[in-house]
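For reference, the structure discussed in these notes is given below.
Note that the chains are named A, B and C in the order they appear, and that numbering of residues resets to 1 at the start of each chain.
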Amino acid sequence: MMAAAAVPIALLLPYVIDTYTLTVLAIYAMLALSLGLVWGYGGILCFGQAAFFGLGAYGYAVGAINIGESTIAMVVAVAASAAFAAILGAMMFYGRLGDVYLAIITLVVTLILYRFMSSTAGDAYVIGKARLGGFNGIPGFPTLHVPGDPSAYIWGDALYYLCAAILVLVLILVKLLLSSGFGRIAVGIRENETRMSLLGYDVRARKTLLFTIGAAVAALAGALFANWGEIVTPRLFGLTQSAEIIIWCIVGGFGTRLGPVLGAASMGYLKFLLGQQSLIDNTLVMGLILILVVLFLPRGLVPALAGLWDAAWQRVPARRVQRRRRDLV
Amino acid sequence: MDLIAVMAVEFLYAVASLVLISAGLAVVFGMMRVINLAHGEFMILGGYVTITAVNLGVNVFIAMVIIAPLAVALIGVVVERLVIRHLYGRLVDTMLATWGLSLFFIGLVTVIFGNTTTGISTPIPGFAIGDYRINGYSFFIILVAVLLLAAMAVILRTTRFGLIARGTMARPDIAAALGHETERIYMATFAVGSALSGLAGAVLAPLVGLVPGSGAAYIAKAFITVIAGGPQLLAGLMSSATFFGVVNQLFTFTISPVIGEVALLVAAVILLRMLPRGITGRFFRERSS
Amino acid sequence: MSDIVLETSGLSRHFGGVAALDNVDFSLRARELRCLIGPNGAGKSTFFNCLTGLLRPSDGHIFMRGEETTGWPVHRIASLGVGIKTQVPSVMDGLTVRENIWLSASRHHRQTDHAERRTDEIIARLSLGPISHNLLGRLAHGERQQVEFGLVMTGDPWLVLLDEPAAGMSPEDMVRISEILRELNDTAAMIIVEHDMQFIRSIASRITVFHQGRVLVEDDVERVMSNPTVRDVYLGRTA
């Protein structure tokens, strides 16, 4: 239903907002959805989703420079980031680290990538033909084109429609995943990990897999972002980027599919508006929003509005949850 | 010979700065189970307060050791009353809210000081050992760290606050038994932790130019030093600061400063994987059971 | 003997310097019902958790149906066909009764319609129909316990391990639970850790008494009850 509504919205929006901005909003929405999947449905407190976003972007840039073509570069970007997530996830989940460690390790890994990428200026840091370029990043890689026809670039409006279509597709896939056995079991694991392993489920393997899927979606968003910005820089791995993804999801509401998407789109647009003036600092506003939402609206907008809606129509209250309060155990 | 002396100073300095960077976070986390993600910003606030005071003509040492800790403690109290106290017992929510605070302070500092590098010069001149130049200020950092550890040891052993602190850190559930006093103790703890962060940021300020985003560099180091240290406040702080300081310096000497930083973070990830309860025992309960 | 389904030899577990479990040899026959009793801290839960894989034994071996399972992760032991209920009630509080049971059913029935059918069966058998769409977190303690039994029985286990199943139950709940237990016992061997002597009498069986991490006595209910050493141990606890 949501996907069906998304199509006309995606088609109508260009009459209101320019497609350049819309493209990045769609990409942000996809990125938020990836965290919404991992954290909201899997209960995995990933503080470093930006790592996979950034790796996707770098993977695309490096791939495109070396291959000289975009379709395989997209695949390379997603696969590289997913492989990285699989290794990291296996290390964390098989090590039975608690939630908070997980949050910290994912954050630290993001910082490592940031530090490392920032220090890659110079000729020593090349992958194939691509220079990593240190703090200035990698500009000038081939951008998306129609598969098989490297001269037919996809940019401008076309890039927006492509991103919107991919977003809708990802939404549908996420919905299918969540209603499948795998998704329902993932939610069971979020609710009670020990119980699920006592029922015979291999929690570690399943969390690793979900984490990897989330990373692949984030990497897809990152690769598209590289195409939108036409440059990749270490800032993609920055703490602010990591924080923003979480802010989008918390504002929208974890544990829903719509929440992260709407949160990302609205916060992303707010950021865009703030970027057009110099009176109020963008970071300051984002920080304030995060504090206020945690304090006053911890479940996020979408679940809160759904609750109001249900109350107005006297329906059974929407399912409680979705952010885990269980702390260290 | 000269090289060894220089290296010894550098190693000591690395350890000392890690102790300073982590002390505030360690106190707050150890006693309150609050992970303050705005710790790095508390530190740079200490730095900015120092710079401002010095520019107003205050003696630099007074600015660093007295004014900065006091100012940041004050900010800490305000933050605790407005935000943190509503979130006790909700570790993840506190992390998120303090992350919000971190962004807020970055924004605030940008608005006030601009997105440029601000700094003051090192108040102690360097000197030469044989062929090598050494930064005289390193000795000051080492001295401050030693004094800080000594002061913490004395306070923990001899005062009522120290007694409560040791009890709470050994048995987190004891906090509940403190009854109505808990509120005051938490507030005081947060103030002390903030003061320590402010002090650290202040004394380190002359070594690094400050930009609004500088805090990020501290938070990761502070984090891992505290978590890797484990529940024994002082022993944990010293042992993990030594471990990470040595790792950092080894890679800095042999490869480059940036690789030193990366090595430190990688070492932390591996250490947490091998010793999930930190060097001095268990912080978090084991996953299952 | 070939009908021994569970066996431990020299099983030990230390916590720091404390030997919570000390060199326990134990065996259980197919469809046997065994109660474990002992004063608080006797090591019953530790023994239990070693069997389930929640704890790793410091020493010794565990065999299930002839296969050594020492050190296996929990999910592998459960996948053998072992139904487990821990001392602390453990259910998915944010999900409905039906979703809870389904999660157990789908572990054993890969095909979705089989899982759905099995879920319906269990819900009917435990008369959970009226509350099947309620969230577990909103149910009374007794109802949640019952759902947990549902989770255990959905997998048709051949070995059932229960840590204090009667704790905090009302008398009516107890009656219902002992019925369920008897039914489960038709096909499964069972180990029940329990304090409630009346409850133990009602499901009459052999008893293993733990004390300070060791097996003190192993005998029939009546003889254990009249055993002076056991009385001392228990009186020592209450004094």
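Everything that follows uses one rule, which is that contacts are C-beta pairs under 8 Å (C-beta built on N, C-alpha and C of every residue); 3 or more make two chains touch, one makes a residue touch a chain.
Worth saying up front: this structure is predicted, and the values here are computed from it rather than measured.
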**Item:** Chain pair showing more contacts of the two, A-B and A-C
**Value:** A-B
**Chain whose mean Cα position lies farthest from chain C** = B
**Complete:** Taking each chain's mean CA coordinate, chain B and chain C are separated, in whole Å, by 48
**Request:** Determine the centre-to-centre distance between chain A and chain B, using the mean Cα coordinates as centres, and give it in whole Å.
**Result:** 31
**Prompt:** What is the distance, in whole Å, between the centres of chain A and chain C, each centre taken as the mean of its C-alpha atoms?
**Reply:** 42
**Asked** Mind pulling the chain A residues that touch 2 or more other chains?
**Response** 194, 197
**Request:** For chain B, write out the residues touching at least two other chains, lowest number first.
**Result:** 288
**Message:** Which positions in chain C are in touch with at least two other chains?
**Reply:** 54, 74
**Residue ranges of chain B in contact with chain A within the complex** = 35, 83, 86-87, 89-93, 95-97, 99-108, 110-111, 213, 216, 219-220, 223-224, 227, 256, 258-259, 261-262, 265-266, 268-269, 272-273, 276, 284-288
**Item:** In the complex with chain C, residue positions of chain A that touch it
**Value:** 181, 184-185, 187-188, 190-192, 194-204, 319-322
**chain A-touching residues of chain C, taken from the complex the two chains share** = 52, 54, 73-75, 78-79, 84, 86, 90-95, 99, 102-104, 106-108, 112, 115, 135, 137, 151, 155
**Asked** Inside the complex, what are the residues of chain A that reach chain B?
**Response** 45, 47, 91-92, 95-101, 103-105, 107-109, 111-112, 115-116, 118-119, 194, 197, 238-240, 243, 246-247, 250, 281-292, 294-295, 298, 323-325, 327-329
